[in-house]
Structure formats: C-alpha cells, structure tokens
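Dropping the structure in here first, questions after.
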Amino acid sequence: MDEFDIERPADPELDNPVLIEGLPGVGHVGKLAAEHLLEEFDAELVRRIYSEHFPPQVTVEDGRTQLACAEVYAISAAERDCLVLTGDHQAADGPGHYRLTEAFLDVAAAFDVSRIFALGGVPTGELVETPDVIGAATTDDLIEELEAVDVEFRENEPAGGIVGVSGLLLGLGERRGYEAACLMGETSGYLVDPKSARVVLEALEETVPLDIGYDSLEERADEMEEVVKQIQQMEQNATAAPSEEDLRYIG
Amino acid sequence: MDEFDIERPADPELDNPVLIEGLPGVGHVGKLAAEHLLEEFDAELVRRIYSEHFPPQVTVEDGRTQLACAEVYAISAAERDCLVLTGDHQAADGPGHYRLTEAFLDVAAAFDVSRIFALGGVPTGELVETPDVIGAATTDDLIEELEAVDVEFRENEPAGGIVGVSGLLLGLGERRGYEAACLMGETSGYLVDPKSARVVLEALEETVPLDIGYDSLEERADEMEEVVKQIQQMEQNATAAPSEEDLRYIG
Amino acid sequence: MDEFDIERPADPELDNPVLIEGLPGVGHVGKLAAEHLLEEFDAELVRRIYSEHFPPQVTVEDGRTQLACAEVYAISAAERDCLVLTGDHQAADGPGHYRLTEAFLDVAAAFDVSRIFALGGVPTGELVETPDVIGAATTDDLIEELEAVDVEFRENEPAGGIVGVSGLLLGLGERRGYEAACLMGETSGYLVDPKSARVVLEALEETVPLDIGYDSLEERADEMEEVVKQIQQMEQNATAAPSEEDLRYIG
Amino acid sequence: MDEFDIERPADPELDNPVLIEGLPGVGHVGKLAAEHLLEEFDAELVRRIYSEHFPPQVTVEDGRTQLACAEVYAISAAERDCLVLTGDHQAADGPGHYRLTEAFLDVAAAFDVSRIFALGGVPTGELVETPDVIGAATTDDLIEELEAVDVEFRENEPAGGIVGVSGLLLGLGERRGYEAACLMGETSGYLVDPKSARVVLEALEETVPLDIGYDSLEERADEMEEVVKQIQQMEQNATAAPSEEDLRYIG
C-alpha cells in the first residue's frame, strides 16, 4: 500500500452533487448525521479510502475484519444528488490530516462537487434541551444563506476553531475554490447525541435541499433521553452523586 | 540503513507455507506462542528485518547487543510448512506500522505463503480459569473453518478492533488477496499468560494443521499458577491488599 | 496543497527591512507586540504561509473560517521599513519547526532583510512589577548594541534555551548569515501580558529604530491590571484561596 | 537546511582513531565523561552536525545562541588518537535517532575509525558507593577484552536494552562492520554523577588506551558528595522527609 489506496466500487453520474462529511467527533454528532442519511436514502458506495495516516488497526464486526478507512457514498435523492463521507477514524498524525483531506477533495473533484457541508458537534459542557446549530463558512454568501435557515454565526464560536477533517475541508476546500460550511449542533460533550444530529440535519435539509425522514433518529434520541433520565435519577438518589461533569461518553 | 534493511540468511524451499505471527502484546500471548513453536520444531532463521520504524534501541543478552528487529523462521513440520514471525517490538510510529506490515507481507509473498495466522491475547480484566479463543478473519470460509475447532466469533469483540501488526496483517493482507485470521486467547491483561498461549496454539494446530508438544509451555503455565497463588495468598494476608487491578505484568 | 503553500498578495519595494517575529508563546508577549505594530503602523499583507506542519484546523471569526497560517506584513515607517511575521500557531511537529522557519527565512531573503528580531516572553513564575527585557543574539556586536538600550544578557538565561520559531530564526538565521536577536520580556507566565509586550517594543524601537505609540497597548495593560487586582482581592477574601501558581492564562 | 547540515571546521589526519560518544542520558554520565576528555586533552572541533531531528531550539550562553547540534572533536593523545562525540541533545523522533546515528557513523567512516565506545549510565535506583561499570558489546572478543579491565557483563543487564544514540551506535555500527562497546556506570538516576563518569573513564582508558587525569572530575565528584550529604542531613532532620525516590536530578 502506498500513502493512500483508493477503491472505486462505482462511478455513478451525479448532477452537481453536494459533499456531506460526518466523521467521529464531539458527541458523535457528525457521524450520527451521516449514518442517518445512509439509512434514509438509497446509498451506493463509490469510494473507499485507505491510508497509512489512519490508526494502524482493523475493526471487527461479527468476526469479519475491516481495515481502517473512510467511505464515500452516493445518494440520489429527488431534490439533489449528494456524496456522504463517513468512517470510524480521523487521521492519526498532523500532516496526515492535511493529506487525507486533500484525498477527500480529490474525490469531490472527480464527481464535480459544487458545495461542501461538514457536520459536527460543538461542546457546551451541560445538557442542552433545545440545541442550536452553530455555523462557520468560507463565504459571506453562504453565511447569509444559512442564517436564513436559523443557523447561528457567533462572534467567537467555536472558540478553539474547528479541528480535524471538518475544519480542513473548509480551509483546504476554500483554497481549491469550493464554497464550504460547517454545521455544528450544540451538545453536552458527554453523551452520544442523536438530538443534536437531528437539528444539524434539519438545517442541512433546508439548505441542500433534501427531504429527510427522522423516525429512526427519533428512536435513538428517545433512547438517549431514557439514559439521561436514569442518570439524573441516580444523581438524585446518591448522597455523593457524580456531577454532570463526571459523566463520560455514554451511548 | 534505509527505511528497511532485510537480511536473508536462508532461502529454503517451502511447500505452500502458512505465516504465523506472534509479536509482543496483551499478556505476551502471541509472542509466547510463537516462541513455543520455535522451541518445539526445527526452526531456521530465514529473514531478519531492521527498520527505522522500530524503537531506537538494542537489546542486550549476556553482554551481546542486538539491534531492534523482527525475525522470520521457517519450520518444516511433517504436517505443513510454516513461517513464524516474531521479535521484541511493534513499530514506534503509525505509518511505520503500515510499512513494517507491508515488509512482512513481502516476505510472505517471497515464500508463496497462502494463509496468515496472527496470534495474540484479548484482555478480560480478571483471571480466567479456562480461556476461550476469540477469532477474527478476512473471509466467511475461514470463520466457518475456525468455528469448527471451537474458535469463538462474537458480535462486537474485540470491541476496540485489533491494533498493530496483528490487525494490519489481516487488513493489508486481505488487500493483497491473503486469507488471514487472528486468534486471540482470553487473558487477564496483568500477567504473562502461557495458559492463554496454549489454547491459542491448540486452535492453531487443528487448523494449520500441526502437531505441537506442550511440555515446556505446560511448565511455564505451572510456574505462573504458582505466582498467581502467591499473589492471592498475599492478598488474603494483607489488611490493605492490592486489588487484582493493581497488579501489573508479572512473569 | 504541498508541504507549503505561499500566497503573495503584494510585493512592495522595501528599503533594507528588518524582520520582526511575534508568534504565540509565553504570556502571548511576542504576539501582542507584533499585533500592536500592525495596529500602530500602515501594514500591508505581503505573504500568507500555509503548511501541513501547522495544526490541522481553521480559526473562526464572525462565522468566516481561516485555515491555519502565518502572515507577513510590510510596515513602511518613516524610520525604517519592517516586515512583521505573526499568526496563531507554532508548528505542530519537530522537523516542521525547522522547515517552517526556513520558509520564513525564504520570505526574509526575498525582501533583502538585513536583521531579524524575534519577540517573546520569559516566564518568572511570579507577577513582575517592572519587567526587564532579556536578550539573546547571534553576534557580539548585536549584544553590545542591545545592551546600550538596557536589554539584559544574563549568564544562563533563559535556562532552557529558546524553543520554537523564535529560537530557530536565530539558529537557522545565523547559518544563512543574518544578524538576529531575541528580545524576551519578563512575564509571570500565567497571564496575557501587555505590559511585558510594551517593554519589549520599547527596546525594539530604540534599536530598529522605530517610533511607536503605546495608547492602545496601555489600555490593554490597564485592563489586565484590573484583572490582577480582582484576583488578588479574591485571594484575600477566600479562606482557601487559589495560590498564584494555580492561576492559568487569563486575559 | 536539509535533513542534515554538517560543518567541517577541520580535517586532521588521525591514526586509527577510536570514536567515543557521550550524549545526555541517565545521570549525565556519558556527557560528563565526554566533556572531561575535552578538558583533559587538546581537543580540536572537526565536525558540527545540525539536523531537523534535533529539538527545535537554540541554547543560550552569555547571551549568544547556538542552534541545537552535536559536535565531534579530535583528540591527539600520545597513546591513541580519538574522536569525541558530544552535544546537548538526543534526537527528538524515532526515525531521527536512526538517521542521526547514521550521520555520526558517516563521520566515523571519514576518519577511518576502527572502534566505537559509547559511554553512559545505568540506573540503580539508589545511591551507589562504589559504582561498577556494566558493559555491552557487538563481539565476543571485545567482551573478553573489557572483562579483563573489570567491566561486568551480566546476563540480563541493562534489562530494557540500550536506548538512543548509544544503543544505535552499537546496533547500526555492527551492521557497518565496526567493533563497538557501551560502557555504563552504575548511578542512582537521581543526581548528576561525576563519580560514575570517572569509573567509566577508568575502564575506557585501560582499553583504548589513554592516560587520563582526573583532578577536575574529582572536584566535581566532591561537590556532589557535599550535595548528597546535605540531602541526607535534611532527611534526618525532617519529620516527613522526602524519600530518596522523591529526589529529582540535582547538580
């Protein structure tokens, strides 16, 4: 294997597609959102990207191994063709993040992608009843367009910038001439958060546009609500209860 | 030295050999198993692989130094020719893991290897009386074949996937067209575990097939049993005994 | 993007310019000083340097993203032309530091820079009422010249040497034949320190020479004085007050 | 600067020289020993090796900066010509250790070095009254020769092997056909240890051979004895004395 090894299982003709990225990150919001799209639409695997910049490991499912990779699926929706980029890993080294993102942008170029949406979460440190969607974008036009669908653009948020593939899809994407935006759902940062994934998808579907069903995501959100209630119950019962801050990822 | 430096002390003709890997890891299960094979059979060193991706160090034995390396031995058993890959180190950097594994697969290719077995341990967090062997493989055929010799394939185990050379021998091996499996003995994770190495070898010998004697490994297992008993004795005697979790590698 | 990607928005003719560097570091002294120069003088962006050796991230300001980069501005002051190098990041890997600094020195060479001043802070571990400026330089002539404007050169300070781009601008700059000095303001190390940035700039302006106004920096220093007073008040009021050492960057 | 940048201030004709290495490590034993040789003999700087694999920093002495480097000096002693390799840094990355050591071996080759001695310390965890010298070597002949001057070769020492440039000078040196040995003085690991450096040099001088004076090293050892006595006094006086293990490097 070279630095990159790219499989091309299919090469469908797409009409002016949008690239939507959801890799692991805060609250798994981006990955949940991307996986929901793959469930809701007919999705065809078009690229599998292997790289020595991924962690040196295989995942195992029902005994079968899969080398660390990212996958790109084509979604042919009535409203707009999309490519969905997802996977189980970010890059494991700094320059690797840059090079992987360039490899992803090469795929985008091969399919004549016009716009890029990176999906993720922004940590608030506390449970959020009705999460907002925070945005960041490469052009003022796109900011305006997203503000019209209630995405919030705040003066200094996210304070630490956007790290990893999501950030670089905007940073490197802009240098290649792509309009790109990152949609970040507010999330505690302690729990896998399907509710946050849903509000991100709702902002996305109005912009792309897409017509997304939410039944299965709703179910996952309800399950997490149950988990949260149980935790809160445990907190009230315990004398020395763990604080909200003590909770690590559950879900 | 370049990125890799490979010595070729011998080039025996092998008949359809199987590559068996046992490098350091959880409970030293894989390395114990590989070393046991080298003891039990006539083993001939065929390759020594040096690389800047190994840690920058030499080991010292009786005053003589040996640069960090991996070694491949040929075993000419009555039942089936084998190559055994072992050593004292995994790679020290992420891309190095990928590149080392490719170098190992080049050796496999030079000897027309048909199948690859990676041996290791899977941590359970507690002492295991009768360890199971957990499997992962690149093909359903191989999974079936291993299930027939009581290797267990579980829905989400090992949960964190398989990391390091063992994982990549499957992940990168599959991309080169090899059938490959990883056999992982259950082990506490706190102690060097010859008993776990034995059950892994028992699963291996039925599959390869091989006819392995276990006297020396049995002895090491008995010694470890003694160590465990002493630790348990100490625990009962002590007022503030160290919990099982406090024990680090002993053996 | 290759290892480096350099934008050249302008190429003004400069007369024997001095390169002044202020990147993030102890007490943000260097960065504060560099930013103050950009505020006080007419500054023209001449180079923007992107690199895979920067952290993989974008910063976000009012919703617009900016890929991690360093920027070089030209200042045409009456007394002396200057280039000011600043940004939000140091390199993220060791060899990257060397390569980035060489890229910066290439920019210096393109503008026929004669001298280099790296600005920064040196941590004292306690609040400093009247910070000194500690110096380090590549030639005895420059040491003498800086001693004449009250920069202090001490036998073994800074004890750990000078790390990062500031250090390498001297170390690699000297190898290219540049006279270079580092001016380090004493600073607690716990707070962003505009007062320390001011004394560094005062030493710089006598040497370059430049004529710098300090009103805006004075204001920021006054704000920080307020913060410090509040902290000290809190300490006196609290029974179990946080020690000075417990304070992390505030500002 | 490329990956390496090597200055050649002098190219004296040396007669069958021995390369002696002493870089920073346990108890600073190797570096103390190397520096003592440079003090005791007429030493001429012959090579200065810069590399992006060193930490990105300059050291500062009396205000003058020096880019991180390693230095090789020629010593023309009556008994035997020597090259002494020393400096303030080991490599900062794994492959860098391998590449730096190869660069050092290139210097050795340019001067027709025949033998290599790496000097260092081996940590015992407690204060040692009369430290032994532990050896490791690439040939049985050299082991014999060193045993004759009371260097000890023990079955499994040092247990963790020899890490860094010292280890690789043996490991990579052997692959280039050099006879090489590492001489390691026992040392607590908590204090800079001139006494340990002395016993290492005493073993070295009988083997090379050399005729080394020890007055200045004796003085430093006496100073350290004073420090140790003061620490022991403090321990006896204190109610809750810091244990020997609590002491960090002093000296």
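So that you can tell them apart, the chains are marked A, B, C and D in the order they are listed, and the count of residues begins at 1 in each.
Here is the rule we use: a contact is a pair of C-beta atoms (placed from the backbone, for glycine too) under 8 Å apart; a residue touches a chain by one contact, two chains touch by 3 or more.
On a predicted model such as this, the values are computed, not experimentally measured, just so you know.
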item: Contacts common to chain A and chain C (chain labels); value: none
item: Interface numbering overlap (same over half, different under half) for chain B and chain D; value: different
item: Chain C and chain D, separation of their C-alpha mean positions in angstrom; value: 37
item: Centroid distance [mean C-alpha coordinates] between chain C and chain B, Å; value: 52
item: Of all residues in chain C, the ones touching two or more other chains; value: none
item: Chain A - residues contacting chain B, complex; value: 1, 3, 5, 50, 52-53, 55-68, 92-93, 96
item: Residue numbers on chain A that touch chain C, as the complex places them; value: 91, 93-95, 97-99, 101-102, 135-138, 140, 143, 153-158, 160-165, 167-168, 170-172, 174-175, 182
